[in-house]
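Read from first to last, the chains carry the letters A, B and C; within each, the first residue is number 1.
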């Protein structure tokens, strides 16, 4: 595969088969992560962005499963891989960090051992001293002060920011090609958030690693992403380079997202929220899933699911009104 | 360390309460001890003399204090029927009960934890249903039934193991299995639900994202967390184990504390009954303390608080 | 044209209603998810009917002896055979169900009431009342339950007949765990806004406890009760088996096993029939309790 993408997701469907009905959490997602770039995946909670990431890592839990579609990591198809083969890639080729650094580390194991474990899984047993040295080296790299002492600490003895650095160290230790970060800073203070984002950006630049960052925070997107996907109710509704997304927003939903960021300056009339609530995924609206919250919705939006259309250079949008809007704007 | 002392201090009112309750319950029956000791045909004078000698004419609170002081000196009184100090009888019987309880607990924990793990791993599939059905049946079988069943199959039919026990390890196998069978069910259910809970935790995703296989995730990450509540549960099991020991010792004629208790109640031997109940209850309280301490050793979150 | 707003609201509303589960639906979903619990409920109902109708159904009297037909195997005349006095085992099992059910159903009810009162009082008032009640509960829970009931049997045995003794003993043993559950519920509910509000407008404590706190404990208490029933049935049969419970000639399952013990190797069915009955009824209550716990009380599951 000569393409410049480290991750290519095509028409991914991941559903949860619950007692009270089928939930189509991921409903035909196409997504590319270019090599060496930071790609963002944005949406409200419950729109399926975390499930998309978990599908890549094979972490979707019962009663959920990947129904169809393809996930290629550096050209290699991941769906249909045996658990054993998939786990060999996880941690080595692709790793993931999670939203809650509080609960993402095992409370009864020392953090150093937990990071070292990532080494041992993929490299086999080496001497404990060697492992420890390597862990301390990566601790230094991700900016953990006093790495020697931290090695023997338990998770509850560390602050949230430090815990997230430990998670990053764990993810980085095998030098993966792709890092998936699921809301890595949501649980952190704003100052710590900035530090962690800078750290991720630096690591990406140094190692030529690609990053897929999942967030609901447009500020985070603006801060570090090269390219952005906007997700709503299990579908990608807009894809654009980051500047294009902010300057030439095409989808009414994205407009709503951007409008709901509070600003100090600006017209208070536009400081709005999106009317209505995120649809219950069990009872998805027909047609465009956003139609019942969309100020511009028409009969067609209720009937037909819109196709992705190109509205600008590398800028795609899933909206019946997309072309007309950009022509006007 | 402070937490440990606090925990030990909190035992004291409970211990006093236990002594008070056993005392009240068993002394409430008036005139009883003397008439049992003597039988029917004695003069009032003899009865009075003995009542005085046994301090039974003193007010109840005085009797209680002298009883408590006696307990602390290791004096639990003299058995009416066996005419020997209760303390000596209990200490003779205790090793057998201890062996029985330990073997029963070992059986319960090994079988229970293994079954619980298998059930949790195969959640909602056939092995899960089978093991959980068995464990609920295990909890529901009266101990005397499993005891008689084991006697019938392994002693009478297969002639593998002795019918009654003299306190030797081999002769205690059947009683221990009968005793442990019940607890194994509870341990299995607890292990299963705890492990399923833990498998939902975020750090399980982290471990799998790291590249660990399912078995490694369970053994290295889930089990240690999942067994924490099971430890507490094991302490609670000690209490029901002592109840169970009364039954198995009766069926297999194990010369242990449980059999002393049954005998004493049939012979209305108050000091012996009082002694056995007090001894086992204190044992249970100490067992719970030990489990608490063990818990804090295993769980680093608690360990650091002390 | 976009849809009118009120229609949207209706749609959202009906979607929410789709997630609401009424009590009847809860029972239905329990039966579907946990058919064993439903079967168990039927078994329990059947046993209750058999117990009530025992004199009508039983082919022989409770203690009716037939010395010519002693220790006979199962036959058409005697479904489960006869015991050493020629009594019909099947009839005795039917009569024995009355003891088991009375001991199974009522003492847990009494300990439930005691436990609720003490638990509410301890949790609501706190302070030394709480300390006193909970230490007494600790003391009760420290005793191995069988030994505590044995001590109670010893004391009560002087004053009443054996069934009354067991009844009283088991009523007095079970309240401590109920009190603990009710107390912890009360402690957390005491902090809620609606209790604070009720208190601030001067509603009497007793009324707050009954109106606002009790209803929230009910799901846990139903589960706790359902699980206490089989343990009381087991306690009764165990005491009777040890020879310190129900006394002959009354029929009790545990006592029947005790009497059949001596014929274990020659006529195992004598011991097997009553043992199996105990197991079935206890199993049924346990399955039902489990099913109820899954549907009613997700919070109690970890206990």
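Worth a mention:
We adopt the following convention: contacts are C-beta pairs under 8 Å (C-beta built on N, C-alpha and C of every residue); 3 or more make two chains touch, one makes a residue touch a chain.
Being a predicted model, the structure only gives us computed values, none of them experimental.
Per-pair tallies of C-beta contacts place B-C first.
Ranked by how far their CA centres sit from the centre of chain B, the chains are topped by A. Computed from the mean C-alpha positions, the centre of chain B lies at a distance of 22 Å from the centre of chain C. The centroid of the Cα atoms in chain A and the matching centroid in chain C are 51 Å apart. Within chain B, contacts with two or more other chains are made by no residue at all.
Among the residues of chain C, none is in touch with two or more other chains. Residues of chain A in contact with two or more other chains: none.
Listed in rising order, the residues of chain B touching chain A in the complex are 123-124, 200-203, 205-214, 216, 220-221, 224-225, 228, 298-301, 304. Chain contact summary for the complex, chain C toward chain B: residues 135-136, 138-148, 150-155, 158, 230, 234, 237-238, 241-244, 254, 257, 261, 264-265, 268, 271, 275, 278-279, 282-283, 286-287, 290, 301-302. Interface residues of chain B, counted against chain C in their complex, comprise 13-14, 17-18, 21-22, 25-26, 28-29, 32, 136-137, 139-145, 148, 151-152, 156, 193-194, 197, 229, 239-240, 242-244, 246-247, 250-251, 261-262, 265-266, 268, 270, 273, 276-277, 280-281, 284-285, 288. Taken together, the chain A residues at the contact with chain B in this complex read 54, 57-59, 61-62, 83-84, 87-92, 95-96, 98, 100, 103-109, 114, 117-118, 121-122, 154, 156-157, 167, 170-171.
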